[in-house]
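To keep things clear, I will list the structure first and then write my remarks on it.
Letters A, B, C and D mark the chains in the order given here, with residues in each chain numbered from 1 onward.
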């Protein structure tokens, strides 16, 4: 019987190696697999490359440092690939002080690179970023009279994903705007680990409503995480 | 008020020009917008390039010739782009006799080229077809030790699509395996025309279950077409 | 500026831009002033708002007791979704943007040049802060790109320039600019002034602009 | 061939291949003999079958009164879908194939060469018929590519060759071949014989094969 559910966070995190590229889904707090990221912090892998939409928030004194900023603070992140990094944030300070690399990418290019990894497209041309700093070092070619740059697929050794419902085959649905990066990071991860709010029997999710088919999922952990919080 | 419903086939077909590239969805009989194709036959545009998964069926004497083979028989098709063409079929005979061009493409490359057109990717690399006749005349480049060929986006001037349900914004759902090429051809068409089995009020289709958002749709015609037939 | 002239506020700029959005358009609104535009489109004019994080059919901010923590816009503000709205994932969301399906995006700006170049994500190539988000995709992908911004910086430096000095978001993408003083379109011969706030003379507008203006 | 030797039939080949598919694999079955494989996987062994037209979790052919005209496989035969099955569009379906997510595809073949080259879509470069379908994508994308076919043509010509003479589906893709006489794996030194039908000697198998065989 196929059963992708794991019983513990340790089992979910098992085998993640130093030097891994980790895809971290979510947009702000919504759809972000915070429990899995806490698990990764606990698990101990370092020298990581983290792919995440934003490391933009500036930390407010007195508040606990969590999530990707916490991983950065612990010195476990070699590089972030992100669309939004702000000076004065924990990530920004790490970059300023030379403790971490940052690759800033357009959000649509980030999404397309992830989808390309999942879909077996090693590289593609796009007009986004042509004629800007993003184009530096990239091949440029005109299509339909428009400059385009060549972008590479972005694979994850690990993808951390948050679902609303999941079954034992790893089929997933997402609640409202929490879908965001989750389905494409699930596709792009060589080891895709899911935290799900709810567990379904096989067959309970209608075939027409499954958003991420189980073929893209390796491990599922049941975490009743509650509603996303408002940004602090 | 946004209302993409048209009241007649003539209105649905209005403005389709000679020389157009027409995307025809469906896989076998399932999800194929037969009524719209009949409308196109009636409308009269010629010198067409038809993009369709298969023109493989060999016509049985005594049976009416319909669909793309009928359009070919009428001399209205300059070229087909397809994954499956068979010697002895109406399409095959037209190619043999030099009355029509055929471009044979791998099915996944066809799907990806359509999706690329819809997603603003002008060209992409793929290992599919490398080292085969499909690679002829195409740029080859190695990625991860594997030969890949450069494929171009495939836009339609017109896309013909079949939906199960539609609302006045052009939001669509599909029944079971009739989804196939419909969503990606809707994205790739500059003028996307839909025949739908059922009409919904706006808001009746749950936001999480809409497969093709209305932004990809221009015109919708209500056609209660009945179940797909078994192949003759 | 003459004492009698009142530059538009943030909502004034948003309202002025909203006025020009026709029914039926698919529109993405950037962070800041652009986000305010939705509230100024009359409810009986159907405009479909897109949000990068996978929403088509964004509705107004809900009342506090109706907030849905699972539903935020690209500024991570809690919003609502209209009947007919839909959710997609990030790649499909940007397929709408990059595939040329949006009629319009409205972005904030640091600088706009008379050739349509936009700079809105960083003030120098070397600074740590790189706030690209979806702006590069939107600037390249939408059929029309409008920018809303103050006509000058707080220090009175012009933002409508011959050439941008900040790193570009995209070259030659801007079609129209809505400032607190004027509405300008980008034409092959530079900025054309479409509208100007009451009481402000063309020459006064020019004096606050580096690029040469012409009457549209 | 000795009189006592009975080559496998179509279902025999399908059953032999089915025997080697482990639980939990994601598998695409091509048109023809491969399609028969699903019926030979024991019901208690969960294998998830993929169909190019956007189905994951293909189930057996339904009884006549339960047929669903909206549900066909890649051979356009009416099928069923298992609990846990899902529908996607064609690009997402081939993302599963091309993105390397399938553990296995089983294809029909005209010819297989000892270097793993497969020819299964046309007999010459110039003929009108070009029946590519999804085979090129599957041959390149799946982690394992198995081919089921008769060991020789009806005229007795070998199909297991040093080099294919027909146009290729993909170079170097085949990992294993199931024929009516044997099971062979493709190795760096050519075809290794894994299994041979009872009563057929290695040399007899070699005599029906152009490529040099070795014992695996």
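One rule holds for everything that comes next: a contact is a pair of C-beta atoms (placed from the backbone, for glycine too) under 8 Å apart; a residue touches a chain by one contact, two chains touch by 3 or more.
The UniProt protein names, listed by chain, are A, B = 3-oxoacid CoA-transferase subunit A; C, D = 3-oxoacid CoA-transferase subunit B.
If you're wondering where the values come from, they're calculated on a predicted model, not measured in any experiment.
The greater number of contacting C-beta pairs, out of the two interfaces B-D and A-D, is seen for B-D. With centres taken as mean Cα positions, chain B sits 34 Å from chain A. Here the CA centre of chain B is 28 Å from the CA centre of chain D.
Per-chain CA centroids place chain A at a distance of 36 Å from chain D. The mean-CA centres of chain C and chain D are about 55 angstrom from one another, to the nearest whole unit. Shown for chain C are the residues that touch two or more other chains, namely 81, 87-88, 91, 94, 97-98, 141.
Counting only residues that touch two or more partner chains, chain B has 112, 115, 119-121, 126-128, 174-176, 207-208. The complete set of chain-chain contacts reads A-B, A-C, A-D, B-C, B-D.
Those residues of chain C that touch chain B in the complex are listed here as 23-24, 26, 46, 48, 50, 56-57, 81-88, 91, 94-102, 141.
Across the complex, chain D is touched by residues 1-2, 115, 117-121, 167-169, 171, 187, 202-203, 205, 207-208, 210, 213-216 of chain A.
Against chain A, in their complex, chain C makes its touches with residues 51-55, 68-72, 76, 78, 81, 87-91, 93-94, 97-98, 122, 125, 127-137, 140-141, 167-171. The touching residues of chain A, counted against chain B in their complex, run 112, 116, 119-127, 143-144, 146, 148, 173-176, 207-209, 211. On chain A, the positions that touch chain C within their shared complex are 27-30, 54, 56, 83-88, 92, 95-96, 102, 104-112, 114-115, 126-134, 174-184, 211, 227-231.
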